[in-house]
Amino acid sequence: MKRHSLIRAFSLLIRRDFILAMRHRAEMANPLLFFILVTSLFPLGIGANPRLLQAVGPGVIWVAALLAALLSLDGVFRSDFEDGTLEQYLLSSHPVSLLVLAKVLAHWLITGLPLLLISPLLGVFLGLPAAGIQILFITLLLGTPVLSLIGAVGVALTVGLRKGGMILSLLVLPLYVPLLIFASSAVDTAAAGLPVTAHLSLIAALLVLALSLSPFATAAALRVSLS
Amino acid sequence: MNLTEFLHMGGYAFYVWTSYGIALLILLANVVLPLRQRRKLLTDIARTARRARRET
Amino acid sequence: MTDSGTKSYSLEARALECVRDDRTLFRDLAFRLEPGQALLLEGRNGSGKTSLLRILCGIRLPDAGMIAWCGTDIQRLGADYYQHTAYVGHRDGIKLDLTPMENLAMARALGRPSDMTLEAALARVDLYGFEDVPTRNLSAGQQRRLALARLLVTDATLWILDEPFTSLDVHGIRVIEELLEAHAQQGGMLAVTSHHAVNLQRSPVHRINLSA
Amino acid sequence: MFNNFFHKLASPKYFYRIAGAWIPWLAATCLLLFLAGLYYGLVVAPPDYQQGESYRIMFVHVPAAWMSMFIYMVMAVTGGIGLVWRMKLAEVIAISSAPIGASFTFLALVTGSFWGRPMWGTWWVWDARLTSELILLFLYLGVIALHGAIEDRRNAARAVAILALVGVINIPIIHYSVEWWNTLHQGPTVTKFDKPSIHISMLIPLLLMALAFKLYYAFVVLMRARCEVLERERSTGWVRELAEAK
């Protein structure tokens, strides 16, 4: 019975965040627009030489995804913190780490998934070959949840601070480095027609690691931020 | 060994001595800063204590 | 509404100390609360009432001492403690963009559900008929009553309330007082801070004045 | 007796006194080691057959890089101890380590750059070790910024501990990924700083310097920890007495 109510709380929390996001549809689109804009600025900045674009494409798309994730992350716990619902999670009779996981999952579904779906279009913009676009999609599929999971720890640490946003990027961006390296080089390698199983399994390993550790760290950080 | 030769460092004097100089600066700063902080803290605490005593 | 009175719950504070901004708010504070009893915290602003309630919730760590639930440190109990507690703090802990029903459904899912339906809980705090109005459109007093309705949808023994009567009118205060009285009569426990005098005629009330 | 010692050490007043007694001895030993290390490193050790005299930067660069990693580990471990067992002294050590670790990281970066300039002909190369060191500096700066932003000292210490633990899990991954990225993009053309075998005449000063850096960290962290203890205990009687006795 207890397990049943945990599953119910988990799904209700996700559904609740969905309803809230739908009632603020305009805000929901911001990270996505940011992602598209930043990516399309690069050809304007460095010139539209197809070979150059193709060379920097994977890195550009991944850096843009990273920044878009960072931009959207600030809101994961902010409003819950301000209206006091965050306290209610901590005082719930369910494990806080699982509630956190529900929040992060909802965040990924709301902001990460749209990024993922639009990414092939950006791949075409930057002239990536079909094999590269395919792998780009897979790396984003495996990688954007990692962005949300790692970011959640940083947000949880800074949610009580007045100028949390700047510090958040300082805390989180260095932790994104391995993912950025593995993912963009996977796309590069695929574009060159070489096998990328090693890259993909490394990213999958990062995902497993983040999934298993980050909810606990986030829960602990929320406790600190609220005390 | 000849001193000028030593200071010359086989032509790498600038790189070697700047590196050691920066190291010295950083190491010294790490010693001096806590010393100054402690002195400031102690006078600060003493002042607060004196003020508290006058108020009561 | 609460567990059957046969189980003997107890909440105990042992040698609590709380320091904030280099100021010791209280030291060596001890009390014991049993089913049917209410704890009323009094004191000036900034005397540590809210801090003490947050320590009781386990959100804030005491600088010394501990809170024990049935003899065990609440920091060790974690979720096993929280299934017995409900907290309404300064902030209402409700989402203004959701309806009262959606808010209560979430609150119920986070704890151990009680037998009362969500509609019945809303009716108890005089919000019957507001089920689907966006919470943002309710008045401050109505929002506060909605926050307090959360207490009814979970099966908690210990209610921890920080200024429950804020922004309530005379009628609202009476409604909530009845709620508290009924909870205590059924073997519940209360820990409350309030500027208002709290009228609980039929239940034993401990008073702790933190300014003293 | 050992247990008793640790129990006493947990008392801030006792720690303040005992640390104050140790600092001069640690500092003196550290100075001697530095002098010996410098003598062997700058005077006794022969020039490198490839890099000439410029390799002598190694005697500050390598120990600084070692210490930058080591101090992060210390920070995470003591932070974790403070988090789990609520040991205030461990929190203090963790917090006091951050600025020292950051300055060692900075030192490693700058000396690496000064060493690289005559070797590679540019001030900065995206070499695996320098890049890792740069990211480590960002991690340190994050810790320091977070600590500075949280007003309550105990909360700040707990937040920093969580961040340091997350960082310490990530450091090996970052290290590995950067190493991998480096071989991918540049090929193994860049000369590695640490050669597989190092001559004994160079090893001795390197080890002396490394030991000196360790002792230096020990006494500087104690100095900082003493300040932190004073700050935290400023409303207690013994700190007031101490302050007014001066």
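We call the chains A, B, C and D, going by the order they appear; numbering starts again at 1 in every chain.
In this text, a residue touches a chain if its C-beta (ideal position, glycine included) is under 8 Å from a C-beta of that chain, and two chains touch if they have at least 3 such contacts.
Keep in mind it's a predicted model, so treat the numbers as computed, not measured.
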Chain located farthest away, centre of chain D as origin (C-alpha):
C
When contacts are scored as defined above, which chain pair ends up with more C-beta pairs, B-D or C-D?
B-D
Note: chain D sits from chain B at a C-alpha centroid distance in Å of 16
CA centroid of chain C to CA centroid of chain D, Å
47
Rounded to the nearest Å, the gap between Cα centres of chain A and chain D is 32
How many angstrom lie between the centres of chain A and chain B, each centre taken as the mean Cα position?
43
Please set out, as single numbers or ranges, the residues of chain D touching at least two other chains.
234
Could you say which residues in chain C touch two or more other chains, in rising order?
61
Can you list every residue of chain A that touches 2 or more other chains, as numbers and ranges?
227
If I apply the definition of touch given earlier, which pairs of chains qualify?
A-C, A-D, B-D, C-D
State the interface residues of chain A toward chain D in the complex, per the touch definition above.
153, 157-158, 160-161, 163-164, 167, 170-171, 173-175, 177-178, 181-182, 185, 206, 209, 213, 217, 220-221, 224-225, 227
Over in the complex, which chain C residues touch chain D? Could you list them?
19-24, 61, 63
In the complex, go through chain C and note every residue touching chain A.
54, 57-61, 79-80, 82-83, 85-87, 89-98, 102, 105-107, 109-113, 150
Over in the complex, which chain D residues touch chain A? Could you list them?
83, 135, 138-139, 141-142, 145-146, 149-150, 155, 158-159, 162-163, 165-167, 169-170, 173-174, 176-178, 180-181, 184
Show which residues of chain A lie in contact with chain C when the two form their complex.
5, 8-9, 12-13, 16, 19-20, 23-24, 79, 82-85, 87-95, 99, 223, 226-227
